[in-house]
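Every chain is named by a letter (A, B, C and D) in the order it is written, and numbering of its residues begins at 1.
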Amino acid sequence: MNPEIYVLWAAVIATLAVYSILYRENPVSRLFEHVFVGLSAGYMLAITWTQNLEGRWWNPMVHQRLWYWIFAPVVGALFYLIYSRRLVWLARLVMGLFFGTAAGTFFREFFPLYSPQLYRSFKPLVASRSVGWGEVILHNWIFVVILFTVMSYFFFSIPHEGRAGRVLARTSLLGRWFLMIAFGAMFGNTVMARLSLFIGRVQYLLYDWIGRYVPWVLHRGM
Amino acid sequence: MLLLYALHRLLGPRGRRWLIALVTFVAGLFYGLEYFYPAKGNPSANFLTKWIEPVSIMFSVIGFFTVGLGVYSLCHVHGRNVARRRPGWHNSLAFFLSMIAMLVFAVWEHYLHLPEPPPAVLPWPKGVYEVLFNGLFAPLQAATFSLLAFYIASAAYRAFRIRSAEAALMMGAAFIVMLGQVPVGMWLTSAIPASGPTAFFRLEKLGEWVMNWLNTPAQRGITFGIAVGAMAMSLRVWLSLERGTFFSEQA
Amino acid sequence: MGTLLHANWFMTALFGGMSAVIVASVLLAQRGRAMFIRRIPGLSGIEEAVGRATEMGKPIFFSPGLDGISIVTLQALAILSHIVRLAAERMTRIIVGICDPTVLPVAEESVRETYDSVGRAEAYRPEDVRFISDQQFAYALGSVGLMTREQTATSFYFGLFFAEALILTENGRALGALQVAGCPEPTQIPFFIATCDYVVIGDEYYAASAYLTREPTLTGSLVGQDIVKAVLLALMLAGIVLVSVLGPAAHLGQNFLVDLLAQGR
Amino acid sequence: MEQRPPSDLWQRLQQVPRHYIYLLLSGVIVWQLLAPIRLPILPSPPTRGVYDAIRAVPAGKLIVISTDWDASTQAETGPQTRAVLEACFQAGKPFALMNLASPMGAKLGNDIAVEVGKEYHAEYGMVWCNWGYKAGFTNVLLAMARNIPKTMGQDFYGKPVAALHMMQKVRTIRDVGLVIEITGLANMTEAWVGLIQGPYRIPFAAAYTAVMAPGYYQFLDSGQLEGMLVGAKGAAEMESLVNRPGAGTAIMSAQSWAHVLIIALIIFGNLGFVLTRAREKGRER
């Protein structure tokens, strides 16, 4: 069986069905929305078995005779007790295990995640042999001012009253403005990446689909 | 199993709450202590290091058994739609058909153990899987993702109005960065020499400067706040200090 | 620069000290010390948003993001239970769309319990806390379909979001919904600002539940967090002074403070 | 028919229905992909770095091009590969393709080389060859540093690499003058730099997808990368250097005009906003 042509047509219909949502939600897009959710659910179940449980649980338990793996589904089953009024506390017990893990994992990640960000913020504020004053002001001074004012925006327990409070009110307003500049920059920086995705889809529709039947299209833009 | 039953019979509400807090604490302590307890050697290790991998695998395996919860919820909602012939029930039926088809053929394909590269003529289950995966699943995903191109355009059009200082700042930064990335922008300022003191004002340089020296520190400022917020939340959960709906254990 | 497989003594001391400050501040607050929190702009929108759904007699949509059971998701669920309480008092239906199967039972439990606690256990409908899909874009499309079919008047997005955020909010906006969003990660905030009526930025996300509930545990924690942030600022200030005097540290061994932060065990 | 007052236009500029925006955007992109308006493309320094590195390879040394990409990133990496191969053929530098990450990339890269090679009348085995997909990339890198023909064994077509004419004088990594990695995968660069570029000082350049490129500017900064191509933009710049506008250029002109459209929409929206507001203020007085 050579599925190529079926794959092509299925992909084209699915793509157009999704794009029809841009006009408005309609019976076809609704159908494909459900198909998509169904395929994801089926795929999730399948890879849970083929890529995870089979190799990490079933094989060790059955082929390597590591009998203690039998307890994994028992503990996993406790989650389902959420639907029982009497035994719900056992579900909480296993959830507690996961909450504890989430907290402990965060403790581990703290320094690997944040200490490079801390020491890379140590920017010299004076010129040196390799870096001139122009660059120090244009880069490092601006960097430090933005970092500090933005952080000042995120102080919640100090009232913006009194002499010190008014200073904080000013810096946090400045911080908010810098935040907006940053958000604008992030927005602008993402436009190209998002357009690329659509351009990729249009290329597929033009070259792989239409180009298959209309060679003229295939030769354009190549 | 017996142990769980015994616990269920023996413990009163206070005992249960205490046990849950203990389990949470021990799980967190294990991961935290392994990181902070003095470690030696290269790669460095302490008495807990060798347990990290098996315990993590164990937890992830346990987590995988929760997959049924989501599927149960889906089947519950869509099953009722089909059973009661609610409006749009055929969509729910399509949901069941595509779920079962994907499950069956994805597992089947796995056990075909096809060689790499695959043979020129594919066995039919693999062919069906190809249609399901590359013909439907992947394109649906890619097409949905690419909707963002439209949404980002219309969001930009609506949001970037000089209504306030904040919106104007956002718009200005977005303009510079957007123009700095495409040939049109470079072409606009191509009259400015590429080196020398004025080169800074070429749009591609200006865009890079905005990203590196205005965007990075602001993001970092946010990041530190988040780090501390997450740290506090972790501590409260770990020590069962949290009160409020889910955490006030009235077991 | 260095390896960070395990912490060195300085990191342990720093982390221990910061933790102690937060825990102490929480305990002080629990024992009745009054503590101040300033207004958080984005959050004033929550009540307005719930009220609007009540007025229109239409349901509310809530998304706790894409993450599994994590610190971010737990915080989203804390905000969810506050919103459920507001909605339950006003007899307004709320639909929760879930992306990660491990979040589903916790969210169900939390919603059911909130209905119980305001004495409206009968109003809880199990199918209103609904798993949609664990695939990012299937989740987005499924949520959009759900919002369209149920004609939700208000949408809340609290949790960890990625590229799908704009699909959710742009469609929500096209439906005319009033939208409130909060995400600790900065990447999607620009899009939330562009499409939502109220946005909670960065750290405000963690301050949110404290501000909403005035629960002493949370306000105390917030005060502790502010002290810790001040410590981090001081540390950076010290680092900046050091590199200004000693010159930038490109390698280990050039600046002791950088070494302490870069070189674990 | 009554003529509308001009102010209405300003108001309408403020509220262009989203469907029109969607239609305009798809129109611009389809049009640019079918009939691109070529804009002058100015190569950025990182792209020029790759081009210069290719031309600087001394005679008698080989360029190794690792095509570690597959269909998922083809839209960007495909044009990049083509443009890089064009540059090699034009400069008359012999090169070998290889693949460390996905068997699919070995074939896709080969297809491009065959096509481009025809245009330059380049014969397989004389000017270029393809070592094919080699599994286990760290070990392959470690081994090829010492003995290339032995490590590679058979080429893409199943012939012994040692028998190829252009490989007669190639023994170790010292006979390689430049490595170019084309990929959308993280970690490939770190391996090349750690095992080949660093220890043996073999010049190294790369082509990345736009998503992953920002993380590698620091390698450029430190001189570990001679140059790099960033996404379709890098491909377009390379195409302009070799004077062969192709898919990268088409993508970039689509990008350019789509950006122009979005910016124009924002400007019109603001114009409408400002002028409407000015009019309303005038009335209040």
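Points worth noting:
Here is the rule we use: a contact is a pair of C-beta atoms (placed from the backbone, for glycine too) under 8 Å apart; a residue touches a chain by one contact, two chains touch by 3 or more.
Since this is a predicted model, take the numbers as computed values, not measurements.
Where touching is counted per the definition, the chains common to subunit A and subunit C are B. Between the chain pairs B-D and A-D, more C-beta pairs are in contact across B-D. With centres taken as mean CA coordinates, the chain nearest to the overall protein centre is A.
Each chain gets one centre point, the mean of its Cα atoms, and the points for subunit B and subunit D are 28 Å apart.
Taking each chain's centre as the average of its CA atoms, subunit A and subunit D sit 25 Å apart. In terms of their C-alpha centroids, the spacing between subunit B and subunit C amounts to 14 Å. Taking the mean of the C-alpha atoms as each chain's centre, subunit A and subunit B sit 4 Å apart. Touching of two or more other chains is recorded for residues 34-36, 63, 66-71, 74, 88, 140-141, 144-145, 147-150, 152-154, 156, 158, 160, 170-171, 175, 178, 181-182, 219, 222-225, 230-231, 234-235, 237 of subunit B. For subunit A, residues that reach two or more other chains under the stated contact definition are 18, 21-22, 30, 33, 36-37, 39-41, 43-44, 79-80, 88, 92, 98-99, 102-103, 106-107, 110-111, 121, 144, 147-148, 151, 154, 179, 182-184, 186-187, 190-192, 195, 198-200. Looking at subunit C, residues 7, 11, 15, 71, 74, 102, 105-106, 109, 134-135, 137-138, 141, 186, 190-191, 193-194, 201-203, 207, 222, 225, 229, 232, 264 sit in touch with two or more other chains. In terms of inter-chain touching, the protein chains here follow a pattern that is not a line, ring, star or complete graph. The complete set of chain-chain contacts reads A-B, A-C, A-D, B-C, B-D. If you check the complex, the residues on subunit B that touch subunit C are 34-40, 43-44, 46, 63, 66-71, 73-74, 76-77, 80, 88, 140-141, 144-145, 147-148, 151-152, 154-156, 158-160, 170, 219, 222-226, 228-237, 239, 241-246.
Taken in their complex, subunit C has these residues touching subunit B: 3, 5-7, 9, 11-12, 15-16, 18-19, 22-23, 26-27, 30, 68, 71-72, 74-75, 77-78, 81, 98, 100-102, 104-106, 109-110, 113-114, 117, 126-127, 129-131, 134-135, 137-138, 140-141, 149, 163, 166-167, 170, 184-186, 190-191, 193-195, 201-203, 205-207, 209, 213, 215, 217-218, 221-222, 224-225, 228-229, 232, 264-265. Of all residues in subunit A, those touching subunit D in their complex are 22-23, 191-193, 195-196, 198-200, 202-203, 206, 217, 220-222.
Residues of subunit D touching subunit B in their complex: 16, 18, 21-22, 25-26, 39-42, 44, 103, 107, 233, 236, 252-253, 255-263, 265-266, 269-270, 273-274. Interface of subunit A with subunit B (complex): residues 1-3, 6-12, 14-15, 18-19, 21-22, 30-50, 52-53, 56-57, 69, 72-80, 87-90, 92-94, 96-108, 110-111, 113-114, 117, 121, 138-139, 142-144, 146-151, 153-154, 175-192, 194-195, 197-201.
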